[in-house]
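Below you will find the structure I want to go over with you.
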Amino acid sequence: MDFLDRFAVPNPGPTIYASMVAIALTTIAIIIGLTYFKKWGYLWREWLTTVDHKRIGIMYLISAILMLFRGGVDAIMMRAQTAVPDNTLLGAQEYNEIFTTHGVVMIIFMAMAFIMALMNFVIPLQIGTRDVAFPRLNALSYWLYFAGAMLFNISFVVGGSPDSGWSSYFPLAGTDFSESVGTNYYMIALQISGIGTLITGINFITTILKMRAPGMSLMKMPMFTWSALITNLIIVFAFPVLTVALAMGTMDRLFATNFFTTENGGMDMLWANLFWVWGHPEVYILILPAFGIYSEIISTFARRNLYGYKSMVYSMIAISLLSFLVWVHHFFTMGQGALVNSIFSITTMAIAVPTGIKIFNWLFTLRKGSIVLTTPMLYSLGFIPIFTIGGVTGVMLGMASADYQYHNTMFLVAHFHLVIIPGVVFAMIAGLFYWWPKMFGFMLNERLGKWSFWFIAISVCLTFFPMFISGLDGQARRMYTYSESTGFGVWNMISFIGAIGLAIGFALIVYNIYYSVRYSPRNIPADPWNARSLEWATATPVPDYNFAILPEVKSTEAFWDSKIYGDKLFNKRIEPIHMPNNSGMPFIMGIIFFIWGFAFVFGLWILLVLSTIGIGICLALRSYEKDEGYYIPVDEIERVEKTGGKKK
Amino acid sequence: MKLKTSFLIGMFIVVMVLTGCEPLLVLDPKGPQGRTTANVIMISIWTMAIVVIVVFAMYFYIVRKYLASRQSKDYVPPYIEGSVKLEIIWTAIPILIVAFLSVVTVISTYKVESVPEGYEEEPLVIYASSSNWKWHFSYPEQDIETVNYLFIPTNRPIEFKLYSFGPISSFWIPQLGGQKYAMADMVNTLNLAADVPGEYSGRNANFTGEGFAQQTFNVTAMSPKEFDKWIRDIKSTAETLTEEKFDELLQPGHLGQSTYKGTHLEFSPPPENHHSKEPLKDNQEEIKNQKIIKDDLSNDEDHSNMKH
Amino acid sequence: MKELFPRKHVYGFISSLLLSIIALSLYYFDLTFQLSMSILLITAFFQAAIQLIVFMHAGETEDKKSIYITIYYGVFIALVTIFGTLLALIWGYY
Amino acid sequence: MKVDKSLPLEYGTEQNRLNILGFWVFIGAEIALFGTLFASYFTLINRTGNGPAGAEIFEIAPVMIETILLLTSSFTIGLAIHAMRMGKVKATITFFIITLLLGLGFLGIEIYDFIVFIHEGATLQTSGFTAILFLILGTHGAHVLVGIFWGIFIISQLFKHGLTPRTNNKAFIFSLYWHFLDVVWIFIFSFIFMKGML
């Protein structure tokens, strides 16, 4: 029994038992469902072994939405706990676990996955190619992400959740102050999904640099592709930093090294430093694709070309470089003195300049346009004002002397939520509505979509504006409760009400998906929004090979020009198309990585060695495997093209 | 437009609250450093308010005017590449704003990092150390120590020496000035001063685990005369802080306020001088020796604990 | 024309050996710390350049630009990380 | 598979060209990885706690041998690629084997070095400095170890299939990896060992 004791949750409560039951029931339901409907083979052939970027994108999307609800439930519980003074709904320990997992899940497993979903689905279509550069690695990326996400999520019911904040500052996250395996989960799960993200980065850079349609020079790429290229560049250079930091943290916790300890020459500040060397670029990894999405949507629904294309590109490049020069602003208060803080204040505020350029370019894209208020456009229009408020408070936070007062307060919490929610979450929802017809062949309901927008937009303001005030009134973040005399009660109550509104908004989106699956008409055209870029030039649903003939591009808006000026996109003849074979290897590696991570978390060394060997064997098998893919013959392509993309 | 109204109401509330319906702690400073920061904050709020107003005005004007529903059916939006002139304008103006704020930031950062201006007197040194989840305040000059409360004289600069017996904590008295981290392997210096007598709240602002929410302390600023009287009272009434007592205080948990004669600095010296870049050999030796002594002491502690 | 004798490689190898010997010889000379560090920096970056250009053929394809941008970006990030970290964690405290 | 005859075999197919560019991007990521390790090393360099400092444990002889072994192996893998481009399978395989043997020699001396460190009281757990020292050397050593396994796979495939676009591509990418490890070692040698011993 001693062996099993380690898997017990140290602070079990009703929420944990409830989730144990829920997880067990869901698993059983899924297994029974798959068996009853005889879908195991379908699941394996069409999804688990797929290397198709579109399907991988959809799997990312489903995971991201699941994680959104995990993180969202955490958020509601936090707001409920702090809604009134001296609340006892949650204990301190529970609250600490919840805000930690909320942060990690939302950033790493929700927002990142959502971005990956849209990038995976859209980028190859947008640059007019048939797949990414390394389709199998792409599948591996997804399964590594999924293994990391699952590993992180089981911490809730096996062994205990991490509880030292999403930034996991040492020595609090060290073994002296965090004895449970929670922080091990954090270190290992982030490591595994981080490797997946890094591989995606390499994959997409290569794809975008080498596989664009003929004629599409870099300066003729759609803006979302540009943003994806730069995002992946940041990923490739920022994630190794996280890898190193997590490796050190893991060694500190499991091998008793002294990287971040407070004795024997360890340096706790080094963790904070390395975490934010990665952490700040990470913010831009999240926001830049969102900027790309807004550029696409705003120009589509303003029925105009994107204003200032070149300055949009240059400003993103500037942001990508500056994003690596500002990280110290996350710990201005660590004592490094006025000179260092002044330097990093200035670099921080400098980011406002390229960001401002983008805002004005969007405004001028709207100007002289003909604005159609569809759901994706509403989200994009809602983004501009709310993000502006989030952004200007960012400049305020960048001022070191003032930051000494904002740091670690609800003011900061308000700022980054007002940047990330309109910046990233709105973009993801907008992108979801916008590309949904391309993904699934029907539209999401517009009426429900607009309702969800108004709920979310108003509730975001309601939830986070009061935090500016309570922050300036001295409410520190991460406090599980506060006394009545502080006077924070009213502001937190407003936040709680806003949080309920947000929950309703997100529930409406889910209801919308359900409703549209059932009732939405299926006979939609391939280009339902009258859009401008190449992903709309192919049939809906998109055939496996994306384009029967690779398009030829002459301008930044090749598809639009083909509609308006009659430029011909597809000039060549249909030839047999080379496709990669499906492979179970990425999925199997994902499972082995999950076991590897689990063994690492609990220090099960034999299992760890075995799974490491397993990973090595997988890599060796891959090296020896001779897989040349297959060709789709011309007559089959022609048959598919005639039926408008529908398979068989 | 719902959006517009909700924003206007939101902005209205923010502005109303900030401008003083009810003073927020950070904007109601009681000392020179806090006043500097509050001024910086107000400068930045007003500057940013201008930016927000300009962007919002343009935004609402453009969105209203160019809605498809307000235009004729055959309106075809023109193709416009961009305008170098306009783009230069909206690059240059933000640069100017950022430059202005940078100057404000640099000046004020140096200001709050040093002894407050116009305070000529020798600063009162107080060692503020955090442990889970308490604050210990040692007054080496007066040779007394308090737990979870702080008495300071007004109109005299206070030099806080911050360090921690556990996780990274952040020492923060919103009405007197900004915060700074207290960490286990080094000592940070924070210069504050109070010029208005009164009671202020202080807390640890950096998450330190389970008891973090209640890791607060009270600050009472009083005239130097009263302060001296308080010191004398304590000297005559408080018990002496022994090493055993201090170890007891360090145990994780919450404590009320308490006062002692003597400080813990003698038997548990603060982690100073850990940051020398290239410590000279003798210096290193010295540190090593100190460590050995410390280790011996901690061994002794272990023995004494076992006796208990 | 392809030639049998790998002249470029041999030159590269000899020069990298020479650079290593220069770096190693610093151990036996009693130069100032600054001077030694400058020599080390120069020899190290020259060696890296030799590997990149002579051995790794960084510039032989149409992707030359992408490759160099990646490397420069990586070096930029590495230097920023190193000096920024030292600035924030060591030099800032004086 | 379309093979473009005008280019060396390793660039012969579209997928090959993608692989090579992708690997260059990966090397970019590796630069950031080692950059971070160096940043941490320089930060922790004086944080020796109760353990020894670098100057007390570094020895010049093993470092010198390691440097020469790795430099030579970088040269021989270059020769392997040269031979490969001339279509000489046997020479390619021979140079590959020499490279891996040199790599093994390097690893052997590095392990010896580690044992010496531990004997002198510098274990992984001793101090912040020794932890980062072992981490940075260990990361590089682990890369060499992975390289040796990888190299063995490639040699066996060269035996089996000879010089094809596929095997050449793998061999070329391996050579990039190996040269890069040499570059990293040069920095470790210069800024950890030489700087520490000055």
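All chains are identified by letter, namely A, B, C and D, in their written order; residue positions are counted from 1 within each chain.
Here, a residue touches a chain if its C-beta (ideal position, glycine included) is under 8 Å from a C-beta of that chain, and two chains touch if they have at least 3 such contacts.
Listed by chain with UniProt protein names: A = Quinol oxidase subunit 1; B = Quinol oxidase subunit 2; C = Quinol oxidase subunit 4; D = Quinol oxidase subunit 3.
Just so we're clear, the structure is a prediction, and the values are computed from it rather than from any experiment.
J.: Averaging each chain's C-alpha atoms to get its centre, pick out the one most distant from chain B.
T.: D
J.: In terms of C-beta pairs in contact, which two chains are most connected?
T.: A-B
J.: Measure off the straight-line distance from the CA centroid of chain B to the CA centroid of chain D, and report it in whole Å.
T.: Chain centres of chain B and chain D, defined by C-alpha means, are spaced 47 Å apart.
J.: What is the distance in Å between the mean C-alpha positions of chain A and chain D?
T.: Whole-Å distance between the two chain centres: 34.
J.: Quick one: chain C and chain D, Cα centre-to-centre, how many Å?
T.: Chain centroid spacing, chain C to chain D, equals 15 Å.
J.: Calculate how many whole Å lie between the centre of chain B and the centre of chain C, each centre taken as the average of the chain's C-alpha atoms.
T.: 43
J.: If a residue has to touch 2 or more other chains to count, which residues of chain B qualify?
T.: Touching at least two other chains: 186, 277.
J.: Residues touching two or more other chains, restricted to chain A: which are they?
T.: In chain A, 205, 209-210, 236-238, 241, 263, 266-267, 269-270, 273-274, 277, 331, 334-335, 337 touch at least two other chains.
J.: Would you please write down the residue numbers of chain D that are in contact with two or more other chains?
T.: Chain D, residues with two or more chain partners: 17, 21, 25, 28-30, 32, 36, 39-40, 43, 50.
J.: Considering only the defined contacts, which chain B positions touch chain A in the complex?
T.: 2-3, 6-7, 10, 13-14, 17-18, 24-27, 36-38, 40-41, 44-45, 48, 51-52, 55-56, 58-59, 62-63, 66-69, 71, 75-83, 86-87, 90-91, 94-95, 97-98, 101-102, 104-106, 108-114, 132, 162, 166-168, 170, 172, 174, 177-181, 183-186, 188-189, 201, 203-213
J.: Give every residue of chain C touching chain D within the complex, in rising order.
T.: Per the touch definition, chain C meets chain D at residues 2, 4, 6, 9, 12-13, 16-17, 20, 23-24, 26-27, 33, 36-37, 40-41, 43-44, 47-48, 51-52, 54-56, 58, 61, 63, 66-67, 70-71, 73-75, 77-79, 81-82, 84-86, 89-90.
J.: Which residues of chain C touch chain A in their complex?
T.: Touching chain A: residues 63, 66, 70, 73-74, 76-77, 80-81, 84-85, 87-89, 91-94 of chain C.
J.: Can you name the residues of chain D that touch chain C in the complex?
T.: Result: residues 11, 17, 20-21, 24-25, 27-32, 34-36, 38-40, 42-43, 60, 64, 67-68, 71-72, 74-75, 77-79, 82, 85-86, 175-176, 179-180, 182-183, 186-187, 189-191, 194-195, 197-198 of chain D touch chain C.
J.: Which part of chain A faces chain C closely enough to touch in the complex?
T.: For this pair, the touching residues of chain A are 205, 209-210, 233, 236-238, 241, 267, 269-270, 273-274, 277, 321, 324-325, 327-328, 331, 334-337, 339-340, 343-344.
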